[in-house]
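Each in structure tokens, the structures are laid out below.
The two complexes that follow have chain A in common; it is paired with chain B in the first and with chain C in the second.
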Partner chain A sequence: MAKLVISRLLAALSVLFFASLIAFVLLRVSPGDPARQVLGPQASAQAVAELRSEMGLDQSLPQQYVTYVSDLVRGDLGTSWRTRVPVAEELSNRIPATIELAVTAMLLSIALAIPIGVLSAGRRRSIDRISRAGAIIGLGTPPFWLGLVLILVFFTWLGIAPAPFGRLDEGLAPPSEVTGFLLVDSLLAGDFAVFSNALAHLALPAITLALPLAAYLSRIVRRSTIDVYRLDYIRTARAKGAGERRVLFRHALPNALLPVLTLSTLYFGELLAGSLLVEAVFNWPGIGGWVAQSIVAQDFAPVQAVILMGALVYTTLSAMTDVLYGVADPRIRTART
Partner chain B sequence: MTSEQPERRDGDEAAPAVGRTLLSVDDLRVEFGSPQRPIHAVRGVSFDVRAGEVVALVGESGSGKTVSALALLGLLPRGARTTMASGTLEGIDLTGVGDDELRHLRGATAGMIFQDPLSSLNPVKRVGDQIVEAIALHEKGAGRKAARARALELLEQVGIPDAGRRIDEYPHQFSGGMRQRAMIAMALAAAPTLLIADEPTTALDVTVQAQILELIQRLQRDLEMGVLLITHDLGVVSRVADRVIVMYAGRIVEAGATEEVLRQPRHHYTAGLLRSLPRLDLPRGGAPVPISGSAPQPEDVVPGCAFAPRCPSAVERCAERPPLEPSGERWLACWEPATGTALDAVAGGEADAAGAAVVPAAPAPAAASAPPALAVERLQVIYGGGRRGLRRRPSAGVRAVDGVDLSIAPGTTLGLVGESGCGKTTLGSAILQLVRPTAGTVAVGGEQLVGRGDKQLRPLRRRFQIVFQDPAASLTPRHRIERVLSEPLELHGLVRSEAERRARVIELLELVGLGERFADRLPHELSGGQRQRVGIARALAVEPELIVLDESVSALDVSVQAQVLALLERLQDELGLAYLFISHDLAVIRHIADEVAVMYLGRIVERGPSEQIYRAPRHPYTAALLSAVPVPDVERERERERIVLLGDPPSPASPPGGCAFHTRCWLRERLGNPERCVAERPELAHLGGEADHRAACHFSDEQAAHLPRTDAVTAREGRAA
Partner chain C sequence: MSGVTIDPRAAARARGRRGGRARAWWRAAGDAGLRKVLIGLALFVAVALLGPLLWGRDPDQVQLRAALLAPDLSHPFGTDEYGRDVLARFLSGARVSLLLGVSAVLGAAVVGLVLGAVSGFYGGFLDGLLNRFLDGLLAFPALVMGMSLALAMGPGALPAGLAVAITGVPWYARVVRSEVLSLKSRDFVAAQRALGASRRHILTRHIVPSVLGGVSVQASLGVAYAVLAIAGLGFLGLGVQPPTAEWGSMITEGRSYLTSGQWWISIIPGFGILILVSLSVALGEGLRDHLDPYGKARY
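Let's turn to the complex of A and B:
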């Protein structure tokens, strides 16, 4: 077990190293001048050159990288050139919003995908046809466009969704911060008005993120359910006299959902990538919108920090999946001990 | 199809233990596919099973035997259409039964076990929980605790050692035999009166098969169950079945008391099946006689007798379907029944075959100077050995092959037998350098293979080839046969022009008994036997000296298996090939091999001329293997005193010390468990005498005195002589 943990850690460290390197190099070789971006088109060439040297951009790439890494090791993620706010501070303010959105979207997409997948694996062809058409549309639709359509329908036309700005209505005071997740904090404070308002704000962006993934996942669940139903132990369960409901819930699903678990890492990465645009569309005060603006402004520090964080989340999740897989599948659990 | 009258069979009331009718079915038919182009899996089958009897449903793949049983319990996949004139299970009418009632019949009235116990058990649920579920489904009142206690009792009843611990393990932690025992426990959970066993021992090793058959028989007697046994193995039938029903192409062709049917088959299919079986209980030399051609496909329309195209005694009338009619205790669907006994049939076959196949006498002694086709010395394959992990701790690894010496003379066959996990396939792979040996040497035709790099090895690969077990999986599905056969020719630069290549492909196809017309076909358009012929042709393409046949006929039906065996023998005679024939099937090995090597846990425990090993085995393991194989002769099976080995083969990861076989050895037990077997590993020693017969046993001289008196081979040979 210790061996497994150590090799996992080494792998994670190397992933982080390469991610930081790639982020660093890509940003610096892309065209444009951050100093010019900060000072605007009117600034003099001399002012720009002074700022460049202040930013350290006049040093060679390896030198810059060494500075960056040594700051990083000391826990300094840098400061945004655009807002002058330390990246670490901004990040910790914004992370809860993004995680709240991503987790909600993930749960929503799983909740949609499993029943749809199982039903389309079933006897009725019509259900499968509808879900397949839905999946093709869901997968072919760009998330930001879907977000715009949802805003148009539910906010502009029907007026049942709140305005797509932020996590709460303007006038509402956020609950005292415990976890940073509004849904949790408002419940802890017993403030149901804030809770329902936060939920309403969360609904559209979460749906926007969840639908394409649900479309994808439902097809996987369908395929894997069909495959499991062909296996001998399903026949054994029936031969014992188990009813169809029991065959499905006790015998088929626990096996059919294993591949879904394997894909969940990949899947969460998709969610984070998707949140970039969706947060921008809904003006969600999370990391996605922030990093999107930072990219446009050539604000290096936030972008580097977010890429590094993404890599960290990704490696952690994939390690967690391995552990979870062991819990779900006794063949792996006992092979390890 | 209306011409066939459904029959009711009420005969065979003889056996006293046989009681009331448990299962009765009349004119069962099963179709798959669209109604416009139906696939007839079962074309009108009627039979009964009564309490206290074992009825065997016998047939080759596609005969409809399994489908019939599954159809009765509503276990067929969707899309199957089942009809029957009438059907009852414990007095309940199966024709009008609702889904819920049928569901309750499954398990409570009829328990089922299947061929592959690993895939038939749910991998993510504990064995105990799966049995508890089967109990709880039918005894609603049973508390969790009571059900668990009952499950434990069942596991003990089916002979699971240390059941109290095992009950909480998962299926993958069980050995094959124990899994099948657990399946049986589950099938018995709700105390059914009928047990349906679908090929229950086909996936098991022969020594484990003997245990499971004994268990089924014991439970059947103790619980007075009826058993419907579905199998392709006539040996298994003769060991356990009271009555046998022979199916061919979805219909019953013959039925009756097992002893009668096997001794005196009246239908030519039954007779042909018996004749095509390589047998342990008859003198060697009588080659199995294949049934020519192959069985009709379920989608074919068969107007007359389905067997007529393959039948040696077909007459004009066979274009009309013979009804299944009673004659005394027997039921038969044939216009021109066979006469004589099964042994006559075999003897007749011998006479037929004598012209074509020369009885393989002693192998033609090769010139003394010629190097052996294969010479293996001290070959060792260790998986996962060496220093591993961060702290580089040395690990012993798994000794899959542990110091094996073999040699095969040009133009002869060495049969390698052993149970699953003994390392025989690894040995084959190591010889072919598909797995690199850890130590030892392998020489093909005098050329040393071990230690050569991939590039140096490539030109030598021409000289040794392999034919795999699964002919379907070893052919790329999208490659036409011509391409399959051209590839080795081109890789080794054996043809210079397009015309030459085409000519060689056709020559190869003809060599294996296929014709030019097969060149443009895809693998899925061929039958199993034809695919295996292609596999052989592919191996022959590069004109090798040695072919490794790894279970190459095991996946084939016996009638087709006999065809392929005959082909292999002919090719050996014509081309002077040497074969390493790896198989778990002792009867096949006996038939084809000149020399035999028996493998147990990575080592050869006995080696010698085939004739000697089968007549007088000198290692207790060989004797036990031979004793475990059931033969298709009821009288013989009844008379035999069998050696039944206990337990399963130990894991090769931790073989027992001393003689690896000592944990299961029956001889050691009879000798009063001498300490030497545990302390000292016996060498593979020459036994004296002219032939090179070796055995790795400290007490090989004492075995003869302790062997069961009437064993299959020796007894029959005495009588025949």
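Let's turn to the complex of A and C:
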């Protein structure tokens, strides 16, 4: 078991190394000069050269990489050249908004996918046909466009959704910050007006992110439910006189949902990427809009930090999944990883 | 590989496998559901290729007097803020999406196929290194790669397509590698070796054709993913640049008119993406039922 954990950890570290290298090189080969970008076209060549050396841009690429990694190890993500704010600080300000959105979307999609998947695993072919068609259309829907359609219908036409700007109505004071998640903080403060307003703002972006994921997961739930129902222990449970309801909830579902949970954690990175677009649509003050602006301004540090964070989330989740599978299944523990 | 016993039936079985492969493609072609999807895709391609010729309006012609017209007979999809015909832009956008999406996927599939086949077949140190590198790539969603490339090369069609292609490579390499690993230990490969075939011959003539089914499943799903990612980059302003009509950037252009009631500029191009992506997903799912060696057992 320890061997599995260590080998997974080493693999995760090497993936992180390659990801940081890729991100670093990609961002450094850009043709523009960030120092010139910061100082503007009027600045003298000497000022630009001074700033370049201050930024470390006059060093060779390998040197810059070593500096970058050693800063990283000490927890220094660098400073935004555009805003002069440390990246770590800005990241911690913005990340709760993104996480709140992504987690809500994830829970919503699981809540949709399980009943749909189980129903379409049943004997009724018509339900399965409809859910398959729905899943294909759901996968085909561009999330940012879906967000605009929802804004058009629920804000412009029906007028029941709040304006797609941010997490709260303007003029509403956010609750004192404990977790940074507005839903949690407002409940802790007992402020139900803020809670319901935050929920209303969260609803459309969360639905936008959740629907394509729900489409994908529902097919996986269906597949794994069908697979589990073929197994002997289900027949045994039935033979012992368990009702269909008990067979489903007590015997079949817990096993059928295992791959669903794995895949949904693996999908989390994809969800974060999707939230870049959806945040732009709803003017959500998360990391998405920040990254987009930083890219336009050739501000390396935030972009690098977010890429690295994405790689970290991805490798951590996939390593965790592998180890947890090892715990659950002894065959994986001994197999070569 | 010493100690290989020559099995006279192995060669025959290898031939049989080949026949099985052809049969699988044939069966796939006979699948009624899959045929509908193929007809849909053929229609889509026809519209993308012939549409602009038949409709005949210039997608880039600015006519400020005709700006923001609602859909009617002379402009079935309305006009945008510069009075350009949305139908004409929609049709030329179809070409852009199809061309960029398919070429990105082809590039990714070929590179992934080669890398996966080589690393699976020869194994060893190269295999380990390639795998780590490809796993590192896997941590980049296409959108993030597209942003980085847009930053490095300046936004445009080329970095967008490259980003989609590069992030696609590990998916093909993985599919091919795992399949090559299992094929490598099969009897027909041992038989070929016993008959004196070179490794290159075995790889190119016997193993690669066997993995094409899996690759084409992955590629159809890949087109779906590519079209979505390219449209997403266009939406952020990091993809195909204006004034070229591209669906993602058309959606952005119409965004500010959504709340004032001119919905057609943004909403109509989205349907184009929806249709193309859904058809590609359906094609991939349909092909998987027939061509994937693990068939329906896989999710």
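Just so it is clear, the second predicted complex is superposed on the first by the 280 of 337 C-alpha atoms of A that agree within 3 Å, B and C clash if a C-alpha of one lies under 4 Å from a C-alpha of the other, contacts with A are read in each partner's own complex, and residues count from 1 in each chain.
Throughout what follows, contacts are C-beta pairs under 8 Å (C-beta built on N, C-alpha and C of every residue); 3 or more make two chains touch, one makes a residue touch a chain.
Keep in mind the model is a prediction, meaning the values are calculated, not measured.
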item	value
Touching partner for A:E170 - first (chain B), second (chain C), both, neither	neither
Residues of chain A touched, compared between chain B and chain C (which is higher)	C
Touched partner set for A:P254, first chain B, second chain C, both or neither	first
A:L152 touches, of chain B and chain C: first, second, both or neither?	second
First, second, both or neither for A:Y233, with chain B first and chain C second	first
Partner chain(s) touched by A:S14 [first = chain B, second = chain C, both, neither]	second
Touching residues (chain side chain A, partner chain C) in the complex	11, 14-19, 21-23, 26-27, 29-31, 136-137, 139-142, 144-146, 148-149, 151-152, 155-156, 219-220, 223-224, 227, 259, 263, 269-270, 272-274, 276-277, 280-281, 291-292, 295-296, 298, 303, 306-307, 310-311, 314-315
Chain B residues touching chain A - in the complex, by the definition given at the top	70, 73, 75, 77-78, 100, 103-108, 111-112, 114, 116, 119-126, 133-134, 137-138, 170, 172-173, 183, 186-187, 189-190, 389-390
Of chain A, residues touching chain B in the complex	3, 6, 123, 230-233, 235-243, 246, 250-251, 254-255, 328-331, 334
Contact set on chain C toward chain A in their complex	132-133, 135-144, 147-154, 224, 228, 231-232, 235-238, 248, 251, 255, 258-259, 261, 263, 266-267, 269-270, 273-282, 285, 296-297, 299
